[in-house]
Every structure is written in structure tokens, then in C-alpha cells.
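Multiple structures are listed underneath, in C-alpha cells.
Note that chain A is present in both complexes that follow, paired respectively with chain B and with chain C.
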Partner chain A sequence: MKIGIPRALYYYEHYPFWETYFHKLGFEIVLSRKTNKEIMDWGVFYAVDGACLPVKIYHGHVYDLVQKNVDYIFIPRIISVVQREYICPKFMGLPDMICSSVPNLPTVLVPVIDARRNGWKVFQAYFALGRKFASPAKVVQAYYRACKALQMKQNSPIISVKPNRLTLGILGHEYLIYDDYLTMGIVSRLKAGGYNLYTLDSFDSNLLKHFREPSFKRMFWTSGRKIINGTNYLKEQVDGFISLVAFSCGTDSLVCDLVERFCQRNQIPHLLLNLDEHTGQAGIFTRLEAFLDMLERRAVHEVNCSSHGELLHSL
Partner chain B sequence: MKKQQAYLGVDLGSVSTNLVLLEPKTKKLLKKVNIRTQGKPMQVLQQGMKQLLADEHQIVGVGTTGSARELAGVMLGADVIKNEITAHAIAAANEVPDVRTILEIGGQDSKIIILKQGVVVDFAMNTVCAAGTGSFLDQQAGRLNIPIDKFGDIALVSKTPVRIAGRCTVFAESDMIHKQQLGHSLPDILAGLCQAMVRNYVNNLGKGKDIQAPVVFQGGVAANKGMRKAFQEILGMDIYVPQNHDVMGAIGAAILAEEYIEQGHRTKFYGQDLLRCVYSNNSFECTDCPNHCEIVNIYKDQQLVASWGARCGKSHASLSTVAISRSLC
Partner chain C sequence: MKLTVPHMGNCYIAFEALLQEMGHEVILPPTCSKKTLSLGTKYSPETICLPMKINVGNYIEAIQLGAEGIVMIGGSGPCRLGYFAQVQKEILKDLGLDVELIVLEPAREGLKNLKDQILRLAQPKGIGSLWRGLRLAWEKQKAVELLENAACYVRPREKQLGITSRVLQASLANIRQANSIASLRRICREEQARILDLANHSPVQPLKVGLIGEIYTILESFTNLNLEERLGHLGVQVTREVSVLRWVRDHIFLSPFASYRIKRLVKQTDGYLNSWVGGHGLESVASTIQLAKADYNGIVHIMPFTCMPEIIAQSVLTKVSADLQIPILFLIVDEHTGEAGYQTRLEAFVDLLQRKQKEFQHEKATSLFGC
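The block that comes next holds the complex of A and B.
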């Protein structure tokens, strides 16, 4: 039995879980290809017009799996992944959007992932899903192995900071930052350029629960909370922040503005890059280059420049 | 006779192509050439170089900027290839050492740059939409059948500018036509348009930016007196327009080239060679992977000198031989 998992959206955060879970249940896992022009074209063609680019691309990935002749496609209906928090509402409607617009779908597996009240409901959802294919004991074992795999992923990555190089905080959803096609390779280029990069999964996700600036209200979107707390946590460690935002992202329209104001208050340079279907890279890279230039020249002239210190007088 | 040394700065923009020669040390402008790009950057650059190199200057360093800076850099053998924001900031800080805010409006883009003690601390560029840039003013001047260099003078006559919606050029145009058909005078409409553009600029780019005097206004649109006055009124500050406001990007590039050469590097400039060479380009869709990138190859005397557009990094003349041979067929 082959199960297809689209390489988009929550894939970037939850894949270790899904991989272990379905593997233990005896599935052969088929991933869609990395995002490319073809997938983007399919996505834009099949998705509703108002959706954001990552959701459109998800449609393309599903269609890619349709062409790979898988027996099942896994499209969870994700409502909440952390207690008392939600995620973007588009994830909730995702299975419906896909089923009504992508043709020739095989059987679609749609567990409802809702951890808003407690984790028990998540277990129940995966248990019910697994029971169609395996014995209760096997499903339970698969679920716990999967949880462990996810924990391993979350606890591992920490970067080593090179001295004398700029340190940048990359803010944005994982599914945007790590999709090299969507971001036109911004992150990999920065990495290749030798910059120190912090992304929001550079550290334990529990860490980001506690760095809340008093002036912010409690964020009820998981990713928004991570971005805002991450900004606050990193404020003394980075030379500047780069926000990557998908055009027409609903949650980011709010979160990004908060981040921008926060950066202004704390005198931290902040660059906002809006991503959409552009393939011309010139505009994005001009801004990025100018931003890096600014940080570099600033670092050189810092000795006789009070660009940070003026905060005392202006507030 | 010994030739006079000079640094060459090139700003190869979407609408205009500017070349300047700067005297080393004093940074005095020796010569400037300002021509329209007309969608043919390669030919126009060569043409501009012909005009510029006609006399006895020895080029000791080259800097390029503008949206086609990479292209210009490859053609000239540039020492420094820098983005427009840095170049404009450097040039303005050279002219007005304590400058705090730079307003720059060019053909296809507009930017605001905030400096502190000569260092850029913040900037913003317009988004992909070209509303509120020089090309819109150009287009409207064309529609009203007035030469673009008279635009500002006519707008200055106005006593009661009309209010025009400035968010989007389509809205602005329909608003202008309504006002015109109601019988408002031309100067009032033009002055209103200037105000609308400035309001849009301040709302859009200046949002949340700390705009402090001294303010320098540069770029092609700075020639328009109506725009200057509108900025003055809306910001409530004096606006300084440099004498060479139209070539500030190129001046900045030349200064950056000087900085670089001063560090002990030798120039890579091709010299007179450039004028004799035949440059050509072609583009094709690479089919090595499903991304189907649009690759552009630049040839100098039929020799591949640059290639870009590939997302996979196979660019800059290191494309797979398959792709190159395909492009040559």
C-alpha cells in the first residue's frame, strides 16, 4: 500500500511523526517532489483564487501525488496542535478545498487533529485512522514511536555561531522558509554566504513559550506565538531580522505588523519580504542586498555611530 | 600630455541610463551622460560609453548600479557592483554630509532611505506596483500633451490644487479626467497630482519611518518643481535637491569604486575594448529540471561571458555544457 504525503505546509514540521507512524503501520511512503515550476503551475490552476501561495502550492503537491498513482493521500484536517491555541483556519478547510478542486483523487485520509483541549483527542484521531489498517496494539505502538521521532527532531538543531559574521534571524512559517522554490533560495543563499542564521526551529519549541513581551497579548495562533516570542528571544543575539511573508497571509498581516513595531521600538533593523508567484528575483535580491549592505556598513561604522543608543532620548 | 584620472560610475536603470566621471579625491563631477534606456540596455550602455570616452580621461575604477547592474558590470568589467539603495545613500551623504532622509523617485521605483551619521539605518522600496513613480508622471504629461520638463513649472502656478486619489494610477487617472471635465484648470490638476503622489509616497514608503531634516530629494522626478513643492508642504520641511540629482546613483557607484580601488585593488575595466566588441544575448528555457528557468546568456564577440536566471546556481557561465551547446544552436 502506498500513501502519498504532500511536501508542503505542515510537512515541514510534522514529517518525522508521519513518516514513523505510517512506516510502522506498514505503508510505503511516497512524497511529492520538491516544489518546482510545474507544481506551482498546477497549484495556481487548481486552487481557489484567494488562497495564499503555500496553500495553492499544496494543491500542486497533491496533484503531483495523484500522478504517482498512490493508493491513499494523507491530508489531515489540522485545527490545533498546541493546547489553547489554533493554527491558520485555512488548514481546517484544506481537505475540503482539495477534494472539491483537484481531480482524480484516490482515497483521501483525513484525521481531525485538534489538540486545543488536550492531546487525547489527537491520539484518538490517529488511533481511529490506524485501526483501518492494523491491530490496536500496532497502532498504539506506531503512535508512540511517532511521537518520539517528532521530539527528537524538535530537540536537535542548534547552530554554531561564527564570530565576525552577521547574525540574522529569519522569521516566518517553516513551510515558507524551507521551501527553496517559494523563497527563491533566499535562505540557502544566505547560508552559502556564510551568515549566521537563526530560524524559529533553531531551538526547543518549549523555549519560545516563555519569552513574551509584556505589551503583547497572548497569541492564539501557534505560528504567530512562535514568531513573536522568537523575535523577543533573539533580539539581543541578532544584527537584524528578515521576515518572509506569503502575500495575502491572514495571520501574518497581524503578526508581521507587531514584529515591525517591536523592531522599531528596540531599534533592530527589520526587512519584510513579500513572496508571491514572482519568478523575477531581481526585486527581492536588491532589497536583500541593500539590507545586508546596510548591516555591514553599520557594523563597520558602529564605533562612531550611536544608531542604537539614541533610543534613550527618542522615547 | 598625461590623461586626467577619473572614476566611472554607471547607473543602468529601467528608464534612464546614467554615466558619470568623477575626479578622484575631490569627487567633482567631470562629465555626465544621461540617456533613455528604451528597453535596450546593452546597446544604450555602449552608446553612452562612446559619448563618455571620447575625450582624454583615464578610467581608474568602475562601479555599476541600477536594476541592470550585473549586466553593466559584465560588459564593462566593473570593480564594484552595488544595489541602488547603497549607491544613492553614499552619493547623498557625499553631497550633504549630515543628511538624515533621502527621498528618491525614479522611473520604475521609489525609495526612502533613513541615515544616521552617514550610515543607512532603515530603508523602504515601493512594492512591485509602479504607482507613484516617474513613469506615471511621464504618461500623464503625454496624455495632457505637455512636455515633461514644463510639468513642474505649470504646477507651480496653481493656487488651489484639486484633490486626486493617489493610491493607484488607474484611480488617479480617472479622477484627473473627472476633474478636468468639470472645468478645473490644468495647473490645479497637475498640482493636485503632485500632492496625490507625495501623499501616496509618504503613506506607503514613509509609514512608520522617522523622517528628519535635512531631507535630500533625488532621482529623475526631483527635476519636477511641483513635486518638490508638494513634498515641502506635506512634510513641512525644506527639501534639498542636489545639482546632479538625476545621476546620483551613478555618482554613488563611482564613489564606491574609488573606495574599493583605494583599498589597493587593481581595476578590471576593459577600456576602449568595450566599444569595439559586439555584444549579443539570447535566452532559452532550461529543461534540465522541472523548474524550467529562463536563462539569459550574454556574449561578447560570440564568447559567453555571463549567464543568469538559473535557480539551481548553474548560473554565471558555469551552466552545464548541455545547456550552453543547446543555447548556441
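The block that comes next holds the complex of A and C.
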């Protein structure tokens, strides 16, 4: 039996879990191709206009799997992964969106991942899903192994910090940051350039819980909470923040506004890059280079008093 | 303290009654206008939905009129409404406007916080005034919705074009003046009769269209460019599927039974949408299917640009529309106020509905005579 998993959205966070789980249940796993022009075009074609770019891309990935003749496609309905928090409404309705817009779908497996109350419901969902294909003992074992695999991934070591290089904090959803096609390779370029990069998954997720901005209301989106707390945690360790946002992302419209205000008050440089279906790289890279130039210059010339007008004379 | 509330259609009548009964001076923001919109757009995040932008505009205009405190509701997700107040607080702080934001968060965000805010609102006249205020506000809202629905019924049948909306405005002003429940009920009866009297009684039934979607854009006629009125003048009887009373009943009085309500709604969607998605997304799909079964001629779905729950609804509804053969017009509103394009789309939609109805009647007639 072949099961297709789209290489988009929660793939980037939960793939080790899904891989182990379905492998133990005896499935052959088929991934969609990495995002490319064709997948993006399919996504834009099948999705509604108002959806954000990652959701559109997801449609494209599902269609890619449809063409690979898999027996099942795995599209979980992820309501919540942390207690009392949500991901985003679009994740809650994603399977229904796909089923009503992508044609010729094989059987779709839709477990409901809802950890709002506790983790027990998540286990129940995976258990019920696995019971269709294997014995109870095997399912429990697969689930246990999968949890272990996810833990191994989450505790991946923090990147070593080289001294005299700029340190940047990359803020954004993991499904955006790690998709090289969507971000036009910004992250890999920065890595190749030798910058120290902090992404939000380089920390233990519990660590970020303690760095809540006290005056803010409890953030009820998991990714939003990570971004806000991560900004607060990293404010003294980085030279600047780069926010990668998908156009018309609902949660980020508010979260990034808060981050921007936060950076302004704390005088941290912040670059906001809005990504959409456009594939023109020149504009994005020019902005990125200008930002990096500014940071480097700031490290040399900035003094604590106002530098207005001073810089020109000193050059 | 002089308090203000953001606008949402004609809700200000009930809010004003509530706060006045509790002993506050109420300063309402001026009716939403292009000025409100441009103020809001200037200071709000770029891609946030229209309701929040108009809220911010309302606040700034009310503060200019002397408001010292703002009453706003919160939420606990996943719709963005729950975080509006937090961001609005930051916006007002950065603008240097010194006002107090009284945010009524739902109980699950902390009972103590909710209790503190309510006690603060009830400070001038005691907690008893809260009960009296709520009753009066509830009755006023009921009266307002009754009159609005009556107007929707009368508009396609009105004797003189545009008279219903004028009478409705006068009636709402009378409702606003009423200060006891007894007088309110009397006024409401009179005004309802006055509005219903404007209708011509002809045997031809107008087209029936259901209005669904995001609650703010449905209720606030500035954001939807007087959608109900426009449709009414095109000869369409509009049924609003979303109302404040219903929202309060479902989300406040019946909140302990929320999971039961959601299960019932999911059942109504016939498998098209199998989960609650925040906001009114699930309700939109469920009521579309109900209306399609009730032989409505068409559906108008309206939402602000980037509204998260309604994007899901829209995606699902395209399939529903094809399967159940019910025409749906999707309207996405944002800061644009160009009316011509909007009017053209509405006219085209109504034309389509009329033609479809004629064909249907023709088919019925031919099959009746065995041709």
C-alpha cells in the first residue's frame, strides 16, 4: 500500500513522526516533489484566490500525489498541537478545502489532531486511523516509536555561533522558512554567506514558553506565540530580525505588526519580506542585501547617541 | 468616564442603552465614513481584515470627540477577532492617545479578569444596573432586528423606491429614544406596522436570496456598500442568516453546549465541512445547504479580504454551488469603495437568477402540458 504525504505545511514539523508511524504500519511512503513552478501553478489553479500561499501550494502538492497513483493521501485536520492553542483556521478546514477543489482524489485519510484539552485525543485519533490497517498492539507500538522519532528531531542541536559574524533571527512559520522555492532560497543563501542564523525551531519548545512578553494577552496561535516569545528571547543575541511572511497570512498580519512595534521600541533592525506567487527574485534580494549592508555598517559606526548626519561626514 | 464602542451596523443602539443604563456617558463614534476608513487603514496592520481597520478609525474619531474609554470584546481564537484588542491597544499607545481599553474577554481566558472588567463597568450604579441594562439592550436589539428584517421583506415590494430605508432610519431613531421596556415594545409594534404598510401586495413573489458570510461585513452597511438595500431595489427579498441575537445566544447563553451545536451544524453540511473553523465559517456552509434545500433562488456570500474562516467556507461553497445547483455570488470587500463594479456584479447576478427562475417555470409548464 502506498501512502502519499504532501511535502508542505506541517510536513516540516511532523514528518519524522509520520514517517515512522506509517513505516511501522507497513506503508510505503510517497512524498510529493519539492515545491517547483509546476506545483505552484497547480496550487494557484485549484485553490481559492483568497487563500495564503502555503495553502495554495498544499493544493499543488496534493495534486502531484494524485498523479503518482498512490492508494491513500494523508491530510490531517490539525486543530491544535499545544494545549489551549490553535494553529490557524485554515488548517482546521484544510481537508475539506482539498476535497472540494482537487479532482480525482484517492481515499483521503483525515485524523483529527486536537490537543486543545490534552494529548490523549491525539493518541485516540492516530489509534483509530491505524486500526484500519493493523492490530492494536502494532498501532500502539508505531505511535510510541513515532513519538520518539519526533522528540529526536525537536532536540536537534543549536547552531554553533561564530564570533565576528552577524547574527540574524529568522522569524516565520517553519513551512515557509524551509521551503526553498517559496522563500527563493533566502535562508540557504544566508547560511552559505556564513551568517549565524537563529530559527525558532533551534530551541526547545518549552524554553520559549518562559519568554512571554508580560504585557501581551495570551497568544492563542502556536506559531504566533513562538514568534512573539522568540523575538523577546532573542532580542539581545541578534543583530537583526528577518520576518518571512506569506501574503494574506491571517495570523502573521497581527503577529508581525506586534513584532515590528517591539523591534522599533527596542531599536532592533527588522526586515519584513512578504512572499507571494511572484517569482521575481531581484527585488527581494536587493532588499535583503541592503538590510545586511545596513547591519554591517551599524556594527561599525553606530554609537549610542544619535548618528543622524554623522555617518556621512565620517566617511 | 466617557465610554465609546466601535460600530457594527445598528448594534450601537443596544450598546448605548446598556452603558447608559449602567450610568456611563456614551460618546458614539460618527457613522462610518471614508474618513473612518482612511484613518483606520493608515494606522492598522496592512493585511488585517476590514473590521479591525474600521474599529481603529472609529476609536480615533471617538477620541477626537472626547471619549476616554473604549469597550471592546476579546476572544480565544482561532479567529483574529480575539487578538484585535491587544493590537489596537498597541496602536493607540504608539499614537500617543491616552485611553483606557476595557476588553471583555471570554471566561476561559480567566474568570477573575472578566469579573474585574464587569465590576468596573458596573461601578457607577452597582451590579443591579448591569441586569437592567442587559435586559433593555436585549429588547432593543430584538426590536432593531425585527425592523431590519421587516425592511428586507418590504424593499422588493415597496410602493415608492427608496422609501423603506428612509422610514427604517426614522424608526431606528425612535427605538434609540425609548427608555423603558414597555414603551420600547409599543414603539416597536407601531414602527413595524408602519414599515409593513409600505408594501404593495402583488401576487408575484420576488426572488429570495440568502445573505451569509462574515458577521461584521453583513451587518455594517458601510463595508458592504448597502448590500441589502441594493439587492432590495433590484427586486430581491434578502434573508439574513447571521444576527447579533443569534450570536449572543449561541456563544454566550448556550456556550456550555457549544460542542452539541457544532455537531448539529456539521451534520447539516452533509459532509462538505466536517469541523468548526472559527468565526462563522461552519454556519455559512450549513445555512447555504439549508437554504438550497428550502428552494432559495440564490446565495450572496460576503467576507472581508483575508478573512480566515470564510476562505474555507468559500472554498467548500464552490463545490456546494455546483452540486446543489444553487448560484452563489462571492463578494470580497476591502478598502475599495468603487460602487460601479459592485453594482454591475449584483445586477448581473440578479439577472442570472431571474433567467434561471423563468427557465424553471417554463420547464415546469411544458412538462405539465406534456410537450
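The definition used in the following text is that the second predicted complex is superposed on the first by the 300 of 315 C-alpha atoms of A that agree within 3 Å, B and C clash if a C-alpha of one lies under 4 Å from a C-alpha of the other, contacts with A are read in each partner's own complex, and residues count from 1 in each chain.
Heads up, the rule we're going with is that contacts are C-beta pairs under 8 Å (C-beta built on N, C-alpha and C of every residue); 3 or more make two chains touch, one makes a residue touch a chain.
Nothing here was measured: the structure is a model prediction, and the numbers come from that model.
Colleague: In the superposed model built on chain A, check whether chain B and chain C fit or clash.
Modeller: fit
Colleague: Check the residue A:C88 against both partner chains and state whether it touches chain B (first), chain C (second), both, or neither.
Modeller: After superposition on chain A, A:C88 lies in contact with chain C alone.
Colleague: Quick one: is A:P16 in contact with chain B, with chain C, with both, or with neither? Answer first, second, both or neither.
Modeller: neither
Colleague: Have a look at where A:I79 lands relative to chain B and chain C in the superposition and call it first, second, both or neither.
Modeller: After superposing on A, A:I79 lies in contact with chain C but is clear of chain B.
Colleague: I'd like to know which partner A:P106 touches here: chain B for first, chain C for second, both or neither.
Modeller: Touch partners of A:P106: none, neither chain B nor chain C.
Colleague: Which partner chains sit in contact with A:Y181 here, chain B, chain C, both or neither? Use first/second/both/neither.
Modeller: first
Colleague: If we overlay the two complexes on their shared chain A, which of chain B and chain C does A:K37 touch? Say first, second, both or neither.
Modeller: So A:K37 only meets chain B here.
Colleague: Identify the partner contact of A:G50: answer first if only chain B is touched, second if only chain C is, both if each is, neither if none is.
Modeller: Touch status of A:G50: second partner only.
Colleague: In the superposition described above, what is the shortest C-alpha distance between chain B and chain C in Å? Please give a whole number.
Modeller: 6
Colleague: Output the chain A positions appearing in both contact lists, the one against chain B and the one against chain C.
Modeller: 261
Colleague: Spell out the residues on chain A that touch chain C in their complex, using ranges where they run on.
Modeller: 47-48, 50-51, 77, 79, 84-90, 92-97, 99-101, 110, 112, 216-221, 247-251, 253-254, 256-258, 261
Colleague: Along chain B, where are the residues that touch chain A in the complex?
Modeller: 67, 82-86, 116-123, 125, 127-128, 208, 210, 289-294, 311, 313
Colleague: In their shared complex, at which residues does chain C touch chain A?
Modeller: Residues 45-48, 74, 76-80, 82-83, 85-87, 90, 94, 105, 109, 272-279, 281, 303, 305-309, 311-316, 318-320, 332 of chain C touch chain A in their complex.
Colleague: With touch defined as at the start, can you tell me which chain A residues reach chain B in the complex?
Modeller: Residues of chain A touching chain B: 33, 36-39, 181, 184-185, 260-261, 264, 269, 274, 278-279, 282-283, 286-287, 289-291, 293-294, 297-298, 301, 304-307, 310, 314.
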